[in-house]
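Labels for the chains are A, B, C and D, by order of writing; each one numbers its residues from 1.
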């Protein structure tokens, strides 16, 4: 009963229409391959959670996978806006996208609360900000010792978290290093977890205090080399800035976007085929 | 203006009578040398904080350094009771010792809150326990979303935290590995921090996601090889179980304890001299 | 083959070890629980995940740790995290299937005292205190308790409730906000006790070979309920005993010297 | 030696960099703040500690990161921690002396909007959102803001307050529960603004060489207060310009290709 399965199987078994799903990665190790598989399997009405939604969420929103986005910063880092995200928010295309908006510190605290089995997180947050007035999920709590009033927000416990990592061993133990972001918390907060990895090895050879997700915390591990492209995998490959810049043009108009998705994502059987498809242009 | 100073100077400059001090270490890397220096400098009326007070706190309590102990488990691990601690609690010798008692999960959460700039910590704690009824610093807080009632306890922010670590570089950046315990949080929660280390090196050669305390988070770094003896330093030396067992006899009677302290601790100019003194017997 | 001879401690440890499976994620207390959990790992449950509160996850000690933070635990662990993380993400986060505890005193509802004998403000005997136990008892999927049975340990009324078992019995635990099932079994040197399904009062359900129900009653500070059918523990196998004695021998040898070196 | 020629962006970056010292622990926003903070590190403040919200502490990037989580930041950092830790222990914990932010819009009290243009429920333009800014603005010892000055950015009324500056001025920030001093200086491509000590309204206190107060007023969407004495920015030195241009050249070269490889 190996945990190591195909990405197709992992998504089919762990994600249903209407689920709440976090596909996390903080610039580093973004699970692009998994996002494409979600698009290919045609999931709908998802609530997408991510601190920093970028190109892969732009794609999923653009094809209509999502009805809601929970986030704290949305953009194409270093490039500009996410056109599909803006089109959904500003003009309801292809379907309306409700948004629930927090700050980074809050989202991080919410994942921590979720991983910690707590119903809410406490932070010194949002002082003077208009965000709480526009988000009923930002409340306050009073310190029973000092009387200070602090921000309180509900724990995040996704139905599914998907991340990309560098290595797993054959049992399915996962090692992440470099910018580890919020991935460990996102996995531990989730009901189910799928991890794509650059390589599967006999021994992780991890330093003693590394960021490890033991096999019994994840439901499926999928071997998808390059699965974070166009983001990067520390120790494996750098970010494809050219693609990130090109995305701005691809996503700007609805027709061009749809044609690109049809040709490269839906027209490819898996991520390796997608990579060959975009290489051909 | 080097941070690297003698332990004598570090304690003299950073600890005053009446201070609240945490000397942390979770079996591993217990700052014994620093505790002896506090005894030698004759500090009084301290509030001692530690999750797992053991032999070094037994010594500090036995000589009358402390008026209060904040803790969650007190004992000589694998050996038995702390006789000086019990004598102080049960019979007020040499001075009365007030105790403030929590659980490990709570103490860890309190240090985290302290390091996080929060006034209190929230945990699912103490269900059905008599501890809250005996400790006014354990209260409750209600989740503003679910209505659940959870335990709330005040942040710990010691005047001084002292830890022992494996390595520092010449700037005073500190690296800890193995069982890292609560040391990072204890340092970051404190107003001032002193770190004793096994060695001072040109380069830390730390893995990217190591437990590091940057030099600007500590006030003094002291080179004290063997400074965790009789506890252990992963990668350097093992625990001296013979000493831990012998302590039970040394500490059992007041006179024997005092004679031992006078001869070996007060009779030694520093920890290296102490080590030679106990080796002579 | 003749049955091997064994001590009461040995059969207690073996019986406790047998409760563990390869799917168990066990938050291990030091002492008897640690011996039993490691015996399970070295016999029928090689894939058991042992978590110690010092932050070691998937610990595989060669010898039994003398303390909860021995270097031995870190050396062969799958990963070592900080103490706040072990309590937040792993225990409170609901990842632990079995909390394995010892106790100084226990009552008929499997509540545990590790704090004081006598009044809290002026104790007759000051015990080590709570450690991780209150939250292990509340958050683990279920709790196994192992301790020697005698009237000083099995008391009619605890001087102090450190960690919740079934509180005042019946549905009192379910109503308390504790998430796990609480203590489901108590293993002693005499036999096995389990909470009654309804009243939650500990009931003698098993005896080790050669022990009588009368002996168990005499070792209990309250009027011990006894099940109609008492299961007799299968004696330790030669292999179980050999592995356990080997483990203890290695441990004694190692702890005579320094331990923990990395 | 003739004064070197420089662009408005360059003098803005140089002027911002000069605010940093070797004792600064700077929580760095991406873009202009990152360029200025790294220029400081590569010139007069080699020991400055740069923290990026991706978890990199003591980052020493060879080229400017395109994003807040470039591998470049991790590669030469003193340590890399998780995102929750960077916000909890390092920012909220009060370890950051300077929060260095950009902005889409700013008002006279240095409040910042990075959320929407137009109504929140039906925005004309959806901006990226808050990111780390609300808590950086509240928790850092003080806040430096760098952005280009024009009437679309310097507005009379923000469509949305994402991150607090001096709120409604006067003592409103002090009463708000924010712990840091808030914005103490705004550097633009035209000059330097600081909050009035009492009213907290941003006041033009400095101009870059060749820029007039009238130009600054015209670039501001409210009636800009101007200090009696205006300091003229010392032009960028040849060394400052050389280092900055080198940095930008290295960055452009690197980002034309893949970045982040470890």
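The criterion applied here is as follows: a contact is a pair of C-beta atoms (placed from the backbone, for glycine too) under 8 Å apart; a residue touches a chain by one contact, two chains touch by 3 or more.
A quick note: this is a predicted structure, and the numbers were derived from the prediction, not measured.
Novice: Spelling it out: a chain qualifies if it touches chain C and also touches chain D; which chains qualify?
Specialist: Shared contacts of chain C and chain D: A, B.
Novice: Return the chain whose centre of C-alpha atoms lies at maximal distance from the corresponding centre of chain C.
Specialist: Here the answer is chain D, farthest from chain C.
Novice: Cα centroid separation between chain A and chain C, in whole Å?
Specialist: For chain A versus chain C, the centre distance works out to 40 Å.
Novice: So, what's the distance in Å between the C-alpha centres of chain C and chain B?
Specialist: That gives a centre separation of 28 Å.
Novice: Residue numbers in chain A touching 2 or more other chains?
Specialist: 112, 117-118, 123-124, 148, 178, 180, 184-185, 208-211, in rising order.
Novice: Hey, what residues on chain D touch two or more of the other chains?
Specialist: Touching at least two other chains: 74, 80-81, 88, 92, 139, 179.
Novice: Could you draw the chains as nodes, link the ones that touch, and say if you get a line, ring, star, complete or other?
Specialist: Chain contacts: none of line, ring, star or complete; other.
Novice: State which pairs of chains touch, listing all of them.
Specialist: Result of the pairwise touch check is A-B, A-C, A-D, B-C, B-D.
Novice: Inside the complex, what are the residues of chain A that reach chain C?
Specialist: Counting only chain A, the residues touching chain C are 112, 115-118, 173, 184-185, 188, 206, 208-210, 212, 214, 216-217.
Novice: Which part of chain C faces chain B closely enough to touch in the complex?
Specialist: 30, 53-56, 65-71, 73-74, 80-84, 87-88, 91-92, 111, 115, 120, 122-126, 128-135, 137-139, 160-165, 167, 173, 176-179, 255-262
Novice: Quick check: in the complex, which residue numbers of chain B touch chain C?
Specialist: Interface residues on chain B, with respect to chain C: 26-28, 51-52, 71-75, 77-78, 81, 85-86, 89-90, 101-105, 108-109, 111-112, 123-131, 134, 148-149, 178-182, 184-185, 211, 232, 234-242, 244.
Novice: In the complex of these two chains, what residues of chain C are touching chain A?
Specialist: Of all residues in chain C, those touching chain A are 25, 49, 57-58, 74, 77-81, 88-89, 92-95, 139, 179.
Novice: Quick one: in the complex, what on chain B touches chain A?
Specialist: 117-120, 122-124, 137, 139-141, 143-146, 148, 150, 152, 154, 177-178, 180, 207-211
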